[in-house]
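One structure below.
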Amino acid sequence: MAGNSFGQIFKVTTFGESHGSYIGVVVDGCPAGLFLDLDFIQLELDKRKPGQNRLSSSRNEDDKFEIISGTFEGKTTGTPLCIMIKNKDVQSEDYLVYKDFYRPSHADFTYQKKYGIRDHRGGGRASARETAARVVAGAIAKLILKNLNIIIFAYSYRIGEVVLQDNYELLDLSLADKNEVKCPDAAMAIKMIAAIETAKFEGDSIGGIVQCIIQNCPAGLGEPVFDKFDADLAKAMLSINAAKGFEIGSGFYSSTIKGSENNDDLVKLKDGSFKTKTNNSGGVLGGITNAQDIYFRVAFKPTPTFAKARNLVDEKGEIVKYEDIKGRFDPCIVPRAVPVVEAMAAIVTVDHLFRNRCANLY
Amino acid sequence: MAGNSFGQIFKVTTFGESHGSYIGVVVDGCPAGLFLDLDFIQLELDKRKPGQNRLSSSRNEDDKFEIISGTFEGKTTGTPLCIMIKNKDVQSEDYLVYKDFYRPSHADFTYQKKYGIRDHRGGGRASARETAARVVAGAIAKLILKNLNIIIFAYSYRIGEVVLQDNYELLDLSLADKNEVKCPDAAMAIKMIAAIETAKFEGDSIGGIVQCIIQNCPAGLGEPVFDKFDADLAKAMLSINAAKGFEIGSGFYSSTIKGSENNDDLVKLKDGSFKTKTNNSGGVLGGITNAQDIYFRVAFKPTPTFAKARNLVDEKGEIVKYEDIKGRFDPCIVPRAVPVVEAMAAIVTVDHLFRNRCANLY
Amino acid sequence: MAGNSFGQIFKVTTFGESHGSYIGVVVDGCPAGLFLDLDFIQLELDKRKPGQNRLSSSRNEDDKFEIISGTFEGKTTGTPLCIMIKNKDVQSEDYLVYKDFYRPSHADFTYQKKYGIRDHRGGGRASARETAARVVAGAIAKLILKNLNIIIFAYSYRIGEVVLQDNYELLDLSLADKNEVKCPDAAMAIKMIAAIETAKFEGDSIGGIVQCIIQNCPAGLGEPVFDKFDADLAKAMLSINAAKGFEIGSGFYSSTIKGSENNDDLVKLKDGSFKTKTNNSGGVLGGITNAQDIYFRVAFKPTPTFAKARNLVDEKGEIVKYEDIKGRFDPCIVPRAVPVVEAMAAIVTVDHLFRNRCANLY
Amino acid sequence: MAGNSFGQIFKVTTFGESHGSYIGVVVDGCPAGLFLDLDFIQLELDKRKPGQNRLSSSRNEDDKFEIISGTFEGKTTGTPLCIMIKNKDVQSEDYLVYKDFYRPSHADFTYQKKYGIRDHRGGGRASARETAARVVAGAIAKLILKNLNIIIFAYSYRIGEVVLQDNYELLDLSLADKNEVKCPDAAMAIKMIAAIETAKFEGDSIGGIVQCIIQNCPAGLGEPVFDKFDADLAKAMLSINAAKGFEIGSGFYSSTIKGSENNDDLVKLKDGSFKTKTNNSGGVLGGITNAQDIYFRVAFKPTPTFAKARNLVDEKGEIVKYEDIKGRFDPCIVPRAVPVVEAMAAIVTVDHLFRNRCANLY
């Protein structure tokens, strides 16, 4: 049953496989009159494209997008936007070897079981290449948010054992774009890069955590009791390839402490508005935003593809020894997941901004 | 905008406030011909009802449900089931004091900001009382799963600093029902109870983690790329009151390790089926179940209501000293969240079982 | 699969069977702050209640509703409204005779085929009694529309061979409430009543057409290309029991004429707005409202229940002679369908008003 | 708000404007393992393509489609199908004249009002060119139905004053493909063609009615009380450009007769199944199919574009005289609407086939 759409009012549908001719996205429900800043979209896409540096897959894609529909004289018209990205550097023969077995901790086995057929080339639809389409949709969402001064930042918070301090307010988040590991702390970035390079050198891969902050989001977003803002964020994040966990605010840590430590007391500002002294809630209470920073973390497992020789079982149940994995892959998915986390956060925020327009009467 | 429904085929809609006349649920899409075992539903409801013991709220509710529609001669007819539970022990006067201020880390402020109006009595719609309606829907889902031998267990995995070992396979999960803290390890249960009682004695509250396992679930459930099985689980869990985090399989821990440690290699069993040697994936790969145990954890923050005297700010911005909080509340929400986690897991599983019926042609 | 909800933002879910304890409705997505005028809702309900006069079913229901959730101090709170109506005059024994056969042109056969089980008492869920729940939801929608001065009128346009003139502008629509057949032309009302009484006297039933007008609806409602305003109206109307046809504006007649006859030329008014000289479009162009009157017609078949003796076939395939049908029924459903048509039109209009809030950027 | 998708399980999303680079469709929820017969899809597309003969628009499109995603080795994989059609014969300069005014009875005015911006070239998104994307999706649906021996036929039932007899069973429906007006009665086809040519000669256009029959559809499809089979058909049909009415079975005629004339009595066949003696219900009772033929009619208004000189009002409110309309258009839309009606009927049927899979327990 159809599961390739996300959002209720700002509805994003992606399509395309890793080794097909294109991947793409339809954004239905984008309001009319938005100036589509093509350079901005390209910049966003460039952040996740492969082949950027020694840490990422050697797949060489320039990831230029084409707008197929939904604009007129540079602006959105309210009709569905279709945007596509050509798959260029497709080396399907590298994947022939995967026709015969289910790669461990990949989706090969589950796609086969579900559909009875699978495109083994480059992971098919389960490939992280699909997330390029999400980044395009996220860029459009960000353009809408920009006009409202809502800003979304994500960064590598942890790679393996290398972990930043908790308090993002002490960081200059804009620095995350300055290094190839997307970490706003230059010293820690060097350690993260070392951790990834070590894993790669060992023919292994490594996991990590992305932290994301949404700033200047107004109070009131979120539709209890099921479509809570944080519930939709959680779904959005777990829908990203290799994501294994989500926490908001004090998250899992809150499970270890007392109420008197975790509660965020309110203070009244001079302009009459309320602020919380602390923000353990992460900007969401009862599923609705409270105008404080929204921050959350997403855990990513280590890439299941790595070069180290291993014994694997093929579809016939026979043991096969692999000394090398031919497909292109990242030793650590986290730096390239950063823009995808931002994209999904932007999509959730825009969708809930629109949903909230109907909370009150007029 | 409407946000009180969950599920696409097996669609659950809850309604009702803490201090209204009833809370209830409409289950639309329950297949016809299901024998509705009323005793089972009551048993499930009893697991979360308040006033069970010294650890939970003193609100005294017998939580008897009434079936309003959707059955004929004891069986479901395919028409929507409406089931309601009367609110009996409503002491709204206890909440008058809350009319004047936003309780910290509660939803008072956010509901007021979103809707411009709020029912301050007992938290209104944001009260955990709403989850009784989810437990009813979950019980119906469990009846469907029972026929397929799919079993769902949840238990208290952590309370404050007291934490069980990771490996649930070494536990007799059925023991979780034997103690008031819903912990399958009798010795640890005693420690958990002590932790809660200590918090209560201090006029404080405490957080914790629920672990849940879905057993015998067939391969193939989950609808990539957005309605992945784990993405929908994450949303379901974060939609529960006080939930702050979700992780599946090796979860956040996977972010700290190498691919060679985290990958689950496949082995072929004598009957021709595949099994993974380990299960760090938690039973889901690429968003689709792989027929291994599905297990996940949900973090709950400490109850934001507790008795300790504090300074709070009212809606006028004035500081008010509270020496006592009159409403009824649990010093730890975790034991009563256990059946709610099971209920939401059951709803997700049934919905995806039905969604998967259309994955193949005939 | 769940099919008992209508609307995307203003979402209406009905439940309940003819001979159950209650029928009811959940309205999710009603904006907060709406004063719920209970007298108005009761007035609307009274328009469709049975036993009003000699033309309608002798089922005697006072149709008093109870608000279960969603209001606080008389106003909506943004949480789901649940409203229920008790079924009082339930004479289920009258329907025992229907246990054994499928009434012709009723839903008995199809419910049995679809669900493998059916509540034969009074038609169960397929009974027109379900429409009382729609009228309640429609009354809430009308309260929202009232504040925007959007007015919805429906009336009996045709009963059997008795048919009004086309031009509703020549009628005083408010007169439709003055007679039991809901016809705004007093002279024609007498003929319509005679037609129904003749059919009843003959032990027969008779069909008819309801015409409905939505006035003062702003331009811009409707979401092409599938959720067009008229497409959603058509669905809403065909979802009413016994409805067999829908047409908007010049409708079926437009299929017989030339473009030069059917086109509505635009004129510019002094205030700068546009008006069409004629309104063959019925207020909708390209699926979007154009600020002219929206008008449409809904055809209803004659009630499939009537007293005349007939040979029927039971579920075992045996011929049974019926000299009398014991259940209560209307010889003509049209007068009681009038408020249901209005209710569904109001629900569609409110839902599209809210959907249109997201057409533009800010 | 997003309105460009149709269907719940078999979900069709179209995109693209008349004068953009492509129009296309994403079909999400198509089951895996379907052999995609490309020749069949092309044949279906060819039925509606323009420039086929003197009756249709002179726009010259070969309407070759490209499959962008969702197949592997000729079969569907369960992932979203994206199929696109290049717009070749785009003469946008012909439409410059339309930049300055709202064409009467077109969607120009309403799109402008709704979105504040519009692509005036060839009608933009409101162009009937969008229906080519529906025909592609419909062809895929038909491939699914073929395997179940469910057949859908549509034909021109009326053009202006030329109208076929009611009883489609007396016609050889396959003959509809033999003439350019898609009428299965050769003699009447000649009259219909004459009516269209006369209108064209007069610089005018003409309306008509399409009749459609779904044969061998099993009992049980349709999800009361809102997503009834006929309600979804009505929405599907009214979503087609220029459609103004829908009726099923005896439709509007049923409003003029008695119950004893309209009821369909049941007879039991030797194989134990039931059949109705007549089929005034049109194959649907209580919103659920009853295994009889489903037949319905869709009324189309005359094309609002025609050559006759007229006075029109531009956006500035000034009167402009048009002696000629430069864009390409059909004097009668009905023959080219025939395959679109079939396509939408196929989509509704497939979606409900899948939805019905969850009506019963296992």
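Every chain is named by a letter (A, B, C and D) in the order it is written, and numbering of its residues begins at 1.
Note that a residue touches a chain if its C-beta (ideal position, glycine included) is under 8 Å from a C-beta of that chain, and two chains touch if they have at least 3 such contacts.
Because the structure is predicted, anything quoted here is derived from the model rather than measured.
Peer 1: Report which interface contains more C-beta contacts, comparing C-D against A-D.
Peer 2: Most C-beta pairs in contact, of the two: C-D.
Peer 1: If you average the CA atoms of chain A and of chain D, how far apart do the two points sit, in angstrom?
Peer 2: Their C-alpha centroids are separated by 39 Å.
Peer 1: Hey, how far is the Cα centre of chain B from the one of chain D, in Å?
Peer 2: 46
Peer 1: Taking the mean of the CA coordinates per chain, how far is chain C from chain D in Å?
Peer 2: Using C-alpha averages as centres, the distance is 26 Å.
Peer 1: Multi-chain contacts in chain D: which residues touch at least two other chains?
Peer 2: Only 1-5, 8-10, 14, 29, 32-33, 78-79, 111, 114-116, 125, 224, 354-355, 358-360 qualify.
Peer 1: Work through the pairs of chains, note which ones touch, and then classify the graph as line, ring, star, complete or other.
Peer 2: The chain contacts form a complete graph, every chain touching every other.
Peer 1: With touch defined as at the start, can you tell me which chain C residues reach chain B in the complex?
Peer 2: Its residues touching chain B are 1-5, 7-11, 13-17, 20-24, 26, 28-29, 32-33, 66, 68-70, 72, 75, 77-82, 84, 111, 114-119, 124-125, 354.
Peer 1: Which of the residues in chain D end up touching chain B in this complex?
Peer 2: Checking each residue of chain D against chain B gives 8-10, 29, 31-34, 78-79, 144, 147, 224, 354-355, 357-362.
Peer 1: Where on chain D is chain C touching in the complex?
Peer 2: Those residues of chain D that touch chain C are 1-6, 8-9, 14, 102, 104-107, 109-111, 113-116, 125-126, 130, 158, 160-161, 199, 202, 204-209, 219-228, 230-239, 241, 244-252, 254-268, 272, 274, 276, 280-282, 284-291, 299-306, 308, 310-313, 317, 355-356, 358-360.
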